[in-house]
Amino acid sequence: MKKRDILTPIGIGLGATMILVGIYFNSGFGGVTTFIQISSIVVVIGGLIGALMINFNMTELKLSWRIVKEVFNKSDHNLRELIQLFITLSEKARREGLLALESELEEIDDEFIKKGVYLAIDGIEPEVINDIMNAEIAAMEERHRKGRMIIEKAGEYAPSWGMIGTLIGLVLMLNNLESPETIGPSMAIALLTTFYGMVLANLVFLPMAGKLAGKTEEEVFMKQVIVEGVIGVQSGQNPKILEEKLSAFLSTEDLKQPEEVEEEEELAGETVNET
Amino acid sequence: MKKRDILTPIGIGLGATMILVGIYFNSGFGGVTTFIQISSIVVVIGGLIGALMINFNMTELKLSWRIVKEVFNKSDHNLRELIQLFITLSEKARREGLLALESELEEIDDEFIKKGVYLAIDGIEPEVINDIMNAEIAAMEERHRKGRMIIEKAGEYAPSWGMIGTLIGLVLMLNNLESPETIGPSMAIALLTTFYGMVLANLVFLPMAGKLAGKTEEEVFMKQVIVEGVIGVQSGQNPKILEEKLSAFLSTEDLKQPEEVEEEEELAGETVNET
Amino acid sequence: MKKRDILTPIGIGLGATMILVGIYFNSGFGGVTTFIQISSIVVVIGGLIGALMINFNMTELKLSWRIVKEVFNKSDHNLRELIQLFITLSEKARREGLLALESELEEIDDEFIKKGVYLAIDGIEPEVINDIMNAEIAAMEERHRKGRMIIEKAGEYAPSWGMIGTLIGLVLMLNNLESPETIGPSMAIALLTTFYGMVLANLVFLPMAGKLAGKTEEEVFMKQVIVEGVIGVQSGQNPKILEEKLSAFLSTEDLKQPEEVEEEEELAGETVNET
Amino acid sequence: MKKRDILTPIGIGLGATMILVGIYFNSGFGGVTTFIQISSIVVVIGGLIGALMINFNMTELKLSWRIVKEVFNKSDHNLRELIQLFITLSEKARREGLLALESELEEIDDEFIKKGVYLAIDGIEPEVINDIMNAEIAAMEERHRKGRMIIEKAGEYAPSWGMIGTLIGLVLMLNNLESPETIGPSMAIALLTTFYGMVLANLVFLPMAGKLAGKTEEEVFMKQVIVEGVIGVQSGQNPKILEEKLSAFLSTEDLKQPEEVEEEEELAGETVNET
Amino acid sequence: MKKRDILTPIGIGLGATMILVGIYFNSGFGGVTTFIQISSIVVVIGGLIGALMINFNMTELKLSWRIVKEVFNKSDHNLRELIQLFITLSEKARREGLLALESELEEIDDEFIKKGVYLAIDGIEPEVINDIMNAEIAAMEERHRKGRMIIEKAGEYAPSWGMIGTLIGLVLMLNNLESPETIGPSMAIALLTTFYGMVLANLVFLPMAGKLAGKTEEEVFMKQVIVEGVIGVQSGQNPKILEEKLSAFLSTEDLKQPEEVEEEEELAGETVNET
């Protein structure tokens, strides 16, 4: 079962609450209603969607919808278990031959590992396995990049459309200066679109694009470890050396483990000669 | 027959409508006429064209005209059919020899595939085929890049020229403050050029450049699959392995297929060990 | 004889005219004189020159002067003729030997081709020829890059110095608010330096730097074709294959030819399977 | 024992003091209290934290906390001693064999050197040692990069959230223009959030990210020297040549030594022919 | 003896004069005194220094001081003489053997050439010489880059701190609107910090960083020619071919020579077929 990434809704909630708190402290509940202005929202969101429709094609737009949902899911990687799996596979392959791995396959859930081990059992050459699996990683990265790009572009267009809305409001207000008492509220409404654009960019689109980029990096990293592992298993590499090699990857991730204290030690002590 | 890319006109229409709605909700139809100001349009568009004429040469400017029309066309690639074609060609070549492919050529519409297969039949070495076809891809990419660059530059110059127009208006208004009742409308007109520049950049040029970049990427991708396929066919690669190799490319595109649901599954499940 | 690049002066003229039209439509001829303010021009241009003198050395500053003049010259490349020349040379070299090319050299005007063919006749190895000629291309590219960088930096400093001038004007005006009737004109003068800076950047420096970059790209491209051709001739490559190879370059440039219509066809039809 | 990097607290203190001095000189102690506005601080800090929670996952957020503490520690590298160590090891290895290095290991504190020398003693091939150690360097660089990225992102979001807070204040103020005497103070409060955002970015986040980047560069550099040294020792390279090779690295760091005067000479005299 | 680079002080002087002229033309000498405001200078300079202290460590800060002095020195390279030197060395080495070069060494001032020739005489292999000398070039480049980065960062922080100072001034002014006659001067003082920040960035830091980058490029270029020359001499390359190779570098620099007119010809005539 997938876990929820609770940080994303908490972050959005926190940002939104802080804005409400800022408004409430200044002007009470009356102030909050001031910030809801349908026609301003229509200009920013509508213009933004228009720009994105020109900028991307249908396939990409659909993709972005699916990608956005990903932001609320927590990836659940465990690098230690993965390394352990490959050491087990490597030992078995050296003892009983590559074909013996077939029985292990049923216990592996991950499709990417399965495919790699199948290729190894089929006796495909290591370079070819490397090519095929890396092509798949590159394709996944590319697919994620495209979905993320839409969110990034939304983060770029949002403040611009906010400014376009503000310019509309300012031009209309300046043409109608006769009643001085309406200048203030008119200008307030004009500034609201800039406010919407800035909030959309800095609370929704840009942070989401950041999280998606981090997720993609994590996926690619895990899959690279798998490729390294599959090739190590097939080439009959010594399990000790394979462990040494794969453990080099470990340092990026093992922060999740209880050894965190030790890691902290290490990070603080990455000096060469301590005297 | 070419299909129309309806997203581009819909996007432009949506953006323009949203702007009109924003204006109408604030000031009715009277407000809309305020936003048509010939002399401001002249400054932004004229200055922009002037800058582009200095920035590019005649060949490039003509190219951009043709490129802009491309934004309204929908590219109609089918990667699955393409892979199927190369598997068929590969099987035939292994059974009957490369020369037998000559009869298949008439059924292929695409000039790039045709050229590749001809080169293969002619017995040109794989590396040379690779060089020639990649040089052509690079040339196409370069040609597209140049056409797109004009649109991108237009997107950069437009807000700057909008600001130049606004500065002209402000300087003139500030020199003529005697009649206070004209200050508002004068400043409104001054701000209009910034508005034009922003809309041109964020509704027309930047999104269009984005779509053109996506189209080029798609072209390059399809052509790379073709190169891979032609070389696979010529080198007499096993059709199964060729399919495996080409299918790695598939994941980026197969989102168009009914299997989309499965794909969604996969995207959500790109974790390594799910417990 | 060199042809003039009429686009550059037309572009500058058009931009300047549009600015004048914008002013005239608002305030008639009186408005135009408002925009001539010697002390503002002095701050922008003087500050800009000062910054460039610190940023570059004498050699580079002299170089920029020569480079600026280039913007008004039209490059007159003909790739088709160039390819034809190398096919002729290639055929002659295969028939009569490399030494026979000596008689052809007198009819070649271009120094770079001449040098390459001399190296080929001298029996220098292809890799060495490649190294020497590419070093020369790199040196040319570097020289152009340096000259262009000054124009680019001018385009970066100009708006900043415009803003510095405006800040000077604003500070002085704010210190002297006693006479309200001078506030408007003082602020107008203050804004003029920003106006000058923006026009210099967006009508002169940035577009010029763009054109210079395009020219350099074109030069490099032509010279790379020449290197490819010289090496093909020396290595006694089959003229047919040489033509095939060099023609791959052609697609970028042949837009200049009457076949443009066909090209348009091709560009629109760069899809893989059209059904 | 770790030394404190006193520059970081001094820098923060200096910047904060300068701000206080600027305020005090203008308005005395009364002015300082004006700059403390809880609701503004809440919007900037809260919004910033919200954005970072969406942008990163829990592992990364924890990492950033540890990384921030690093900013206050001084790295204590000594390249000369390091080179001397490898010359000693190299001489011993040539005289008594690689196994003799085992006795030296106890005197080495640094884990990375220890691991390298162990690998060398174990007779692992140089390429494999190079791969393993460089993978570890890359992993460390990656870990540091991630921690630093949070600080960098904070430096990007801070001014944007400052502006969002200011927009909130402006909108509220403009809606409530009846009491003209409150306009000034309301706008002052509105501007405070921009002030907070700018100070956070330019006094805290961006300079800290800069220092972290410098620290990472230094670590990577030292570790690369170690890799070079370990491989030199194992391959039984002549200690003189090893010294020559490692000393090339020295020039970046030896500025810390008393020879600084000589270095200055050299830096000033990096001309080719002085006549 | 080192020559002074008079362009740097002239540029700074010119920029400063232009600012003074701009002020004087508007408000006479009285205006100039308005622009000296100690507390504003304290905020910009102090905040800037604080940010740099956090951003860099002591070694780097000291380095920047030495680097800044370099901006006022003129580098005095002569590529022609350098090439001539290597042709002479090459001829001597072919006639009398590499050892005969020892007597020439005393006449060479440049430490980098000396080191290279020593390595050649010692019979070190060309690849090793190449590695050692390029490592030294890379180290020099790195050292220069670090020193320059401080200046570049100063150019980034200066306008931000200027804006922070202006925000301080604005907040204080807005809190104290009772006496309308002080609004103007207070706002003038507020804007002064932005003015200081912009002038520091655009007249001092950014142009200086530009000149330092140019100097580094020149150093690296000369040293690469030396490496090429030393290896050519050692490998006993034909002096004619060595000259040909090194002369390819010449085109970037020979602009300093009287042949400049010819060069201009060449630059204008870099077309392929002139008809």
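First chain written, first letter: the chains are A, B, C, D and E, and each begins at residue 1.
Throughout what follows, a residue touches a chain if its C-beta (ideal position, glycine included) is under 8 Å from a C-beta of that chain, and two chains touch if they have at least 3 such contacts.
To keep track of the chains, here are their UniProt names: A, B, C, D, E = Motility protein A.
Computed from a predicted model, the values in this text were never measured in an experiment.
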Given chain A and chain E, the chains that contact each of them: D
Chain A-chain C separation of Cα centroids, rounded to whole Å: 40
Intercentroid distance (Cα basis), chain D paired with chain A, Å: 25
Overlap residues in chain C, where contacts from two or more other chains coincide: none
Successive chains along the ring, chain B then chain C then the rest: B, C, E, D, A
Residue ranges of chain C in contact with chain B within the complex: 5, 7-8, 10-19, 21-23, 25-27, 31, 34-35, 71, 74, 181, 183-185, 187-188, 191-192, 194-195, 198-199, 201-204, 206-208, 210-211, 214, 241, 244-245, 248-252, 255-256, 264, 266-275
Residues of chain E defined as touching chain D within the complex: 1-2, 38-40, 42-43, 46-47, 49-63, 66, 70, 73, 75-78, 81-82, 109-113, 124, 128, 131-132, 135-136, 139-140, 142-143, 153, 157, 160-161, 163-165, 167-177, 189, 219, 222, 226
